[in-house]
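One structure is given here, and the rest of the page talks about it.
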Amino acid sequence: MAAPFRKLLIANRGEIAVRVIRACHEMGIRTVAVYSEADRDALHVRFAHEAYLIGPPPSSESYLRIDKILDVAKRSGAEAIHPGYGFLSENDEFSRACRDAGVVFVGPPPEAMEAMGDKVRSRELMMKAGVAVVPGSPPLTDAGEAVAYAEKIGYPVLLKASAGGGGKGMRVVRTSAELPSLLAQAQGEARSSFGDATVFLEKYVDRPRHIEVQILADAHGNCIHLGERECSIQRRHQKLIEESPSPVIDAATRAEIGAMAVKAAMACGYVSAGTVEMLRGANGSFYFMEMNTRLQVEHPVTEMVYGVDLVKAMIEIAAGAKLPWTQNQIVPRGHAIECRIIAEDPSRNFMPAPGTIRALRGPGGPGVRYDGGVYGGFTVPVHYDPMLAKLITWGADRDEAAARMTRALDELRVDGVKTSIAFHHRVMTHPAFLAGDLHTGFLEEHPELLSPGTDPWLSEVAVLAAAVAHFRRSEQLSLRGTKSGTSGGSSGWKRGARDGWRP
Amino acid sequence: MAAPFRKLLIANRGEIAVRVIRACHEMGIRTVAVYSEADRDALHVRFAHEAYLIGPPPSSESYLRIDKILDVAKRSGAEAIHPGYGFLSENDEFSRACRDAGVVFVGPPPEAMEAMGDKVRSRELMMKAGVAVVPGSPPLTDAGEAVAYAEKIGYPVLLKASAGGGGKGMRVVRTSAELPSLLAQAQGEARSSFGDATVFLEKYVDRPRHIEVQILADAHGNCIHLGERECSIQRRHQKLIEESPSPVIDAATRAEIGAMAVKAAMACGYVSAGTVEMLRGANGSFYFMEMNTRLQVEHPVTEMVYGVDLVKAMIEIAAGAKLPWTQNQIVPRGHAIECRIIAEDPSRNFMPAPGTIRALRGPGGPGVRYDGGVYGGFTVPVHYDPMLAKLITWGADRDEAAARMTRALDELRVDGVKTSIAFHHRVMTHPAFLAGDLHTGFLEEHPELLSPGTDPWLSEVAVLAAAVAHFRRSEQLSLRGTKSGTSGGSSGWKRGARDGWRP
Amino acid sequence: MKFKACVGETDYEIVVTRLDADYVVTIDGVEHIVDARKLEADFYSILYEGKSYEVSVESVGAKYLVRHGAYEQIVELADASRGGREELRKRSGPESIDSVMPGKVVRVLVEPGTEVQAGQGLVVIEAMKMENEIGAPRAGRVKSVDVKPGQNVETGAQLVVLE
Amino acid sequence: MKFKACVGETDYEIVVTRLDADYVVTIDGVEHIVDARKLEADFYSILYEGKSYEVSVESVGAKYLVRHGAYEQIVELADASRGGREELRKRSGPESIDSVMPGKVVRVLVEPGTEVQAGQGLVVIEAMKMENEIGAPRAGRVKSVDVKPGQNVETGAQLVVLE
């Protein structure tokens, strides 16, 4: 089978750039990486066939620079660009600029992106298409208006950035007193993250599950769904753990919300991989939240359960291919879970913990997929997302996937920076997680998950290990001391040299 | 689900010990490793919950010592023993000793092992059960008898060890002139490998494919098959690359040979995982070769295609569980390939290349399974098998699995010892491999696969890299030279000290 | 070699000696033969009493952060001739609040003289695209503020001094 | 710095200089700006002319074994002031046949004075449970046999000398 493109540029960094490079190499497509000055040694630069510097560390001067990226595409002869997630992936201006430059953008057409990318417009579109949405406000202009809408909708409410995603510019508001300051924060974050301070309000559904449906659409009018993912375990409205299928979705519900997602995608002329995010209330009702017009971080859980390579499918679709599957050929098998391994300290409210990774050991064995973006010796730049790697496990059922994740987390070793590994381990063995009793407030409900547990037996091992390390260090220090002692020290030689003495 | 055992001992080393440990940890079973003096730092010792030294490096004084292993089982309170492959895995005396000691042996009953473990007896059993076998001789006593049988069967013939496996004690004989010396070699190898010099002759089927069927039987009379593996790419009659399914087996043939394998297993009262090895002649006829009464090295390709964990199934069966699947619940999906990463030099006829692994980087990303037994910094002992790791890839079809393997081999890096990585890479991109045109003489037919290719473009890179490394080394040397030069050198100090001068 | 170890609220008396390739570690009079192999920098394989552990041991002064799989534990060690826990714990006077990450100061929430409660925000630092509030570890009065909005700081940079 | 490089049958004239963090490597008069980062011992990330390569470079004397993914290449380097290829290649007189692996000698197939053909077996060594025949790299006469059956040998041990 001929490769759909000769050469493809990846307008991203970190694990997702590596992920796309892997797909391309398997397809026989040459890869072009772009990198900022902070990323010379990054894994995506090392793995790609070609690599070009596009500017200083801040994203606004490198990974967000459409002009520089298109210039590299031109110089390198790349025929297509995959934007990954984040950065320019949901920027319709970039998609348009690619089209104008004669480079294929691996993603939806700018029109669909524009329609779905703006949360206010996408809600309107969904309501017209008859899909249930969460009650909300139009874009807010000032705090007074915000308070009025919040009271109309009823607290708690959620502030959200119109242009945003990934929890940036999001705030839960529980009283009118805290609304003005939270509004200012949300607007500030929205401006700095997306260059657009517009925010709006939504009803905050209590104990909701985050359920999302993966869809794939080609340019020939075919669209299928690949079941749901549940991504309820979040911090700061950003996902930490995702799985497919959801423990509460049965085949009939899957077919129903799948059809809803396909309808949403068709309503905006969608092409490529996309995700329709929904909230599922405790009563089982679903509300449309937003459509992510790009590849999701958590796409691997769907890939493992459905045996489909979504990145390759996106590239084939971008090259004009028809979907190779009909809906009834898409059959789930088993269960997959993903843990996002982040350089943050869960016991300090997930404070970022950049630094140099002293040593890294990936896990192995059956049912384990490790998508990493870093390596031992790499210094995690402070300028970008704190995600180091994704660990995904597959099992014949949810219990096996969770047990395998626990085992894989035991094997995964990242020394030198604080990470979420131990936190994930605690979640995987927590009764509420194992019971599938999830909602987006899971971590607030189980704050014990944020702190390391204690184990008297392990204290003994820790004391032994520290004692041996301390003893060895002292031995080495005294060894050095002894050496210089018996030789009379270097000072004699120094004095001799200073005195001009020569043999 | 409760763990079937509290504690299990793994009577093995290397990647298969790690594989079994992983299964146990996922099942909540505590693990006990045993190790020889050469393996204190081995990965299985590091990964297990407990580890006990059982003797000096030679296997005969450690991993083959039934008494020592059962003593550790008793001391540690292990309720079961998994033998892995090789070592004591097909030793019915060990299986019996476990039974006598009240420890569950995770494998078939000694009677089935005995019946199938002796190649001569198993052939007789198969012939009685109506399964086709390759024409052969009874055990040979001397060279004269061997020549007589060889002439009756017709050259080429194959010398095989009665007690053996894995190519040890095997020789292809093409003329009567070379028979006596090859017989002596085969007998010597059989004696040193298995403690039993008995060998016999078989018709050597030309351009045969090695096809084997995986079966699983419980102690309640249920037996299923999990399709076939093709393992035709071999050196010295040892497998190098395996895959499932075989490119030449269709569903009807699979059902047919699967039924034959189940019949063979049932004929000897088999329980646990087992493999029925067959030769498939160029004309499509199958001959029973032998039944391996243990887990195979290449079991992961079956696991990936069928979504089943064979090691866990063996452990559950050993604890008395019924098979959780009926034959029609066993459905293949996609294609999997395994490459055995060995410390051997393919360009020197696969000469062993033990040594210290300076650096090791495992591959990652979708569809890749890495089962390793070593790590960067580990010294590969000279006493055991040269296998360092197994790399397994899954794809929606054979082409994708092969492309993914090529990509994963590019990522896998083992520095410090010669390995088969580059060889596997050449096979994965070879037209005959990609066409599925395999037979056990594949490497003799394509000797170009044994030597590294040349690429003028890569020569340039190599020159640049060597030049930079050379330059840096010279810079460092001259830096040291300069330092000692400007300081007057250490000789001044030494002389000063010798002369008794003190400041 | 003798020293004291503190884990959380518990103190131990430790004696370590070598025994061929092994170590004899006595904890409060109980002897353990420890086969500890340093496989990498700050990383050991430890066998003792039949059990096997992989542990990473990072030292920051007299503190050792020990990790085994997903568990971690801080062990503080002190020369037995000195005061043990008392020596380890003696800290008083003004406290420097340092940045735990490199990043950019986006807001300063206090000024010299501000009385703060434990947990109250002092400085907001942006790193990895997130705003992170650095809070007061205890109640006190701000003695000095050592950074300005817009300033880039490295890990360990002094932000504020509390007294 | 100037030197000669030989790859297979081809010789190159090399000049290397530094340019800030990069290297300027001139091969037979053609200049390449090479951004080479040493990421680990004997392991580099190399960017030049837009291309990216991960290469491991192991040196054994003047020989460099360079590996990139599944490809490998031996590059021999020599000081330009000396004879280049001639200097690298000059070898004559008796040839020591050394063990390429540690293991146990199981059989010795020749004795001093034996005339051997290229490829003829000299010694059989068992390692990793396999018997490995060490063959003559060229025709010649066995000058000495330096090992006995049953003897353990390390890599590089002299087995036989050919003349």
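So that you can tell them apart, the chains are marked A, B, C and D in the order they are listed, and the count of residues begins at 1 in each.
Going forward, a contact is a pair of C-beta atoms (placed from the backbone, for glycine too) under 8 Å apart; a residue touches a chain by one contact, two chains touch by 3 or more.
This is a predicted model, so every value here is computed, not measured.
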Chain pair, B-C or A-C, that carries the greater number of C-beta contacts: A-C
Most remote chain, CA-based centroid, reference being chain B: C
Separation of chain A from chain B, taking each centre as the mean of its C-alpha atoms, in whole Å: 38
Between chain B and chain C, centroid-to-centroid distance (C-alpha), Å: 46
For chain A paired with chain C, centre-to-centre distance based on mean C-alpha positions, whole Å: 30
Geometric centre distance via CA averages, chain D-chain C, whole Å: 49
Two or more partner chains touched - positions in chain B: 47, 410
Residues of chain D engaged with two or more neighbouring chains: 40, 51, 54
Sites on chain B touched by chain A in the complex: 1, 18-19, 22-23, 25-28, 47, 300, 303, 307-309, 333-334, 361-362, 364-372, 375, 396, 399-400, 403-404, 406-407, 410-411, 487-488, 490-493, 495-497, 501-503
Residues on chain C engaged by chain B in the complex (per definition of touch): 35, 37, 39-40, 45, 47, 50-52, 54
Touching residues on chain A, where the partner in the complex is chain D: 33, 40-41, 45-52, 75-76, 377
Complex interface listing, chain C residues touching chain A: 1, 3, 5, 7-8, 10, 12, 14, 16, 23, 25, 27, 32, 34, 36, 38, 40-44, 46, 48, 51, 53-59, 64, 66-73, 75, 77, 100-103, 127-132, 155
Residues of chain A defined as touching chain C within the complex: 168, 189, 193, 236, 343-345, 348, 351-355, 358-359, 382-386, 409-410, 413, 415, 421-422, 424-426, 452-455, 458-474
